[in-house]
Amino acid sequence: MLDRLPREVIAMRVARELKDGDIVNLGLGIPSLCSQYVPEGRTILYHSESGVLNYGPMAEQGEEDDDLINASGQFLEPTPGMSFFHSADAFGMIRGGHIDVTVLGALQVSEKGDLSNWMLPSRGIGNVGGAMDLAVGAKRVIVAMEHKGRHGEPKVVSECSFPLTSPTCVSLIVTDIAVISVEQEGLILRETAPGWRLEDIQNETEPELIPANDLKEIEI
Amino acid sequence: MLDRLPREVIAMRVARELKDGDIVNLGLGIPSLCSQYVPEGRTILYHSESGVLNYGPMAEQGEEDDDLINASGQFLEPTPGMSFFHSADAFGMIRGGHIDVTVLGALQVSEKGDLSNWMLPSRGIGNVGGAMDLAVGAKRVIVAMEHKGRHGEPKVVSECSFPLTSPTCVSLIVTDIAVISVEQEGLILRETAPGWRLEDIQNETEPELIPANDLKEIEI
Amino acid sequence: MEKVFSSFDEAVSDIFDGAVIMVSGFGGTGGTAQNLIVALRDHGASNLTIISNTAGLASLMGFGTLPGHSAIDCGILIDNDQVGKLIASYPVSPSPSKINSFESHFREGKIGLELVPQGTLAERIRAGGAGIPAFFTPTGVGTELSEGKEVREFDGRSYIMETALKSDFALVKAHKADTLGNLSYKGTSQNFGAVMVRSSGISIVEVDEIVSPGQIESHLINTPALFVDRIVKR
Amino acid sequence: MEKVFSSFDEAVSDIFDGAVIMVSGFGGTGGTAQNLIVALRDHGASNLTIISNTAGLASLMGFGTLPGHSAIDCGILIDNDQVGKLIASYPVSPSPSKINSFESHFREGKIGLELVPQGTLAERIRAGGAGIPAFFTPTGVGTELSEGKEVREFDGRSYIMETALKSDFALVKAHKADTLGNLSYKGTSQNFGAVMVRSSGISIVEVDEIVSPGQIESHLINTPALFVDRIVKR
């Protein structure tokens, strides 16, 4: 059985996509880990829809302040040059195209880059939160997730069967077995986890994957 | 010949309309004088679309600061509890109904309370500035002006012939000869300058004035 | 012109059955008017419409709540059957196995829900306070949350029309107030409160401290006094 | 990620003929990027569309200008025939007997004008920066400035639809910047600049002082760094 990449390595791979000076908003789960792995020498300013830009790492125990949280409710350290704003401005930044990259989790991503990440149909009710705004507003949407669901079902699908967050918004999918870019011609398999071949990944993927000319193993 | 009230007395009469706690925006000219005559014991917070609430009196000579001006470009004194904001918020306050009273000058006011105060047709171009926002947004619009124009033409008219600032927005007209309220049934003459009779005022007014039951002389 | 109230109970005493109430806070305890919410629970007004980012995540699961502290949020009004309708972006627990009272009341048909993307919620509230009755937004286009909404293209992209939200009352937490009603907030605790005070008929603000005018420096005032009707000190 | 430019000339060097430029300031010298405006005059880009509250009241008549001081504002670009169109709320002198170059160019048909109520101008600029392509406003209804605009009723009141404004560049004056691009303003000098930085492709900001991150305290930052592209010290 082939090894799947741990969550930290998915985050590490995504972090390499973040460029010096980028304004980045990280979603819950694997995305939230990315900030720990940004290559040295790059300054990233993190934005949270809780109303803060340029926040620091998670607060140490005993240093927590409930007036300084991220969108996941985690306590943050202050940083020099951090700024605060209310929710209408926080989302003006998002919707207005001022966020360079958002990294989001997903329940399903389609061949066309449609994203479903806010409601499990089996539950019949869900939390939309800021996901739709981020999916529509950020200049680049990267999905970081496990390649298949808890019951082995594919999450990279031909058509999303779950309620959409936004159509055609995802540009890159980074999973525990592959890096896939969403292009006009379809899903391009760019990188594979060590030992995984195209057909292994295709087996866990509903739409057809097109191997990149320079298909390679993920390098971290 | 009957005496007309000086500008200061018009402003004094308008100032009596301002109630304790009112948020007030004063236009150019006679309106700007009102703040000097507010009856004692009333706290008025003045708003200016230049981006300040609760500003102080005009700055003394030598104390001027070009980062602290009102909408007429006059230098202000700072006051305890003064606050600043950008233009979108300044007008959000106006349009959103957060200004209790605005006092504006006028070129013409009609029987229905239509206001024209931004363009002389003879010039063919004009400055609209914040006038339309104030006329539409403030809870109460008071006009303070001379009763007739420079060439003796009436300014209280049946229909405005000048370009409108806003239809049906004025509720009270205070001039150098009369105080007139705009009501459903028409223009009600409430107060007269000392010595002026209904017919004297009617002579200088295009639409018919309805004398109030308690018509009286202006008291300051 | 007196804005300072001496008790939370007095500050909420005229909230009526069926009122529309905005409740500040992102989801954690920071920026949540915990004492005003308790006062409204005790007051008992019913059939309320609550406009809030969440239906109470702090009380449900300690979201944004200091370790070892307990939390009160608008969840207690739903627990207490005072809410007929919720307008929110994040109404249920993130975990399907942890059910809050909103979710169980919703399943029983006892409470209505208008689910709104968080940015649209914030912008609709801002619009309500800024005299803008409606605006177009790209958020939600092509999703089930845009069903029944007017769609229009601008420059080749599709947008949906959203309308302003206003309320009868807002219950907001700020850090400091001066007696004129100027407010300052701490850190990320402005969130919805700083917008809600603008679009409520009567804004009621719970603060840590009340000071004289001038004791909050002008450049530190986040909310100018004209948006604030009532202040109560914690 | 370097935002600090060493000269005003360099900071405006890529402004192209036909560019849309927002220029900050209410009308006086406070909040007006006088050195950037001079640099753009010297640069010579032509056929510009200028979005500004006024066509220059400080240079014309000393509006909001300290006694004995001289003033530079976007009026010098119009004097210099670089402007093809003006979008403004207060384009001419308040006195019909005092004619600025905008008014004479306008009468000669050399310059276009889109006259916009001041609040609508500010809101259109905000919308441009907040991803809102259009909104409804009561301002201007029933006047000649609403001619040709869509009118719609909400709750029995009429509103007109206005669309967002964006620009290629903004020339803005702030008080302090840190090297990340965070800005603070003084007093009433936020006015249009604090909104224009949000809706411009490239925002260029002239400041009195540039400091390290942290030297503008977080609660004193009016404009978060993500809105700012270039900074030049006066």
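We call the chains A, B, C and D, going by the order they appear; numbering starts again at 1 in every chain.
As a working rule, contacts are C-beta pairs under 8 Å (C-beta built on N, C-alpha and C of every residue); 3 or more make two chains touch, one makes a residue touch a chain.
Everything numeric here is computed off the predicted structure, so don't read it as measured data.
Peer 1: So which chain is the furthest away from subunit B, centre to centre on CA atoms?
Peer 2: A
Peer 1: A-D or A-C: which has the larger count of contacting C-beta pairs?
Peer 2: Spelling it out, more C-beta pairs touch across A-C than across the other pair.
Peer 1: In whole angstrom, what separates the CA-based centres of subunit C and subunit D?
Peer 2: Computed value for the inter-centroid distance: 34 Å.
Peer 1: Roughly how many whole angstrom separate the Cα centroids of subunit A and subunit D?
Peer 2: The computed centroid separation for subunit A versus subunit D comes out at 36 Å.
Peer 1: Report the inter-chain centroid distance for subunit A and subunit C in whole angstrom, where each centroid is the mean of the CA atoms.
Peer 2: Roughly 28 Å, centre to centre.
Peer 1: Give, as an integer number of Å, the spacing between the C-alpha centres of subunit B and subunit A.
Peer 2: Centres of subunit A and subunit B (C-alpha means) sit 56 Å apart.
Peer 1: Among the residues of subunit A, pick out those that touch two or more other chains and give their numbers.
Peer 2: Subunit A, residues with two or more chain partners: 84-85, 91-92, 94-95, 137.
Peer 1: Touching at least two other chains at once: which residues of subunit C meet that condition?
Peer 2: 123, 126, 130-132, 137-138, 187, 218-219
Peer 1: What are all the touching pairs of chains?
Peer 2: Taking the chains two at a time, the touching pairs are A-C, A-D, B-C, B-D, C-D.
Peer 1: Quick check on the complex: what are the subunit C residues that touch subunit D?
Peer 2: By the definition above, subunit C touches subunit D via 123, 127, 130-138, 152, 154-155, 157, 159, 163, 184, 187, 218-220.
Peer 1: Provide the residue numbers of subunit A that touch subunit D in the complex, in ascending order.
Peer 2: It is residues 20-21, 23, 43, 45, 47, 53-54, 78-85, 91-99, 137 of subunit A that touch subunit D.
Peer 1: Which part of subunit C faces subunit B closely enough to touch in the complex?
Peer 2: Contact set of subunit C toward subunit B: 1, 126, 128-132, 178, 180, 182, 198-199, 212-216, 218-219, 221, 224-227.
Peer 1: Please name which positions on subunit C make contact with subunit A in the complex.
Peer 2: Listed in rising order, the residues of subunit C that touch subunit A are 26-31, 53, 57, 63-67, 69, 89-92, 94, 96, 103, 106, 113, 115-123, 125-126, 137-145, 175, 185-195, 222.
Peer 1: Would you pull the subunit B residues touching subunit D in the complex into a rising list?
Peer 2: Within the complex, subunit B contacts subunit D at residues 28, 48-52, 61, 64-69, 71, 73, 75, 84-88, 90-92, 94-95, 120, 122-123, 125-133, 136-137, 163-167.
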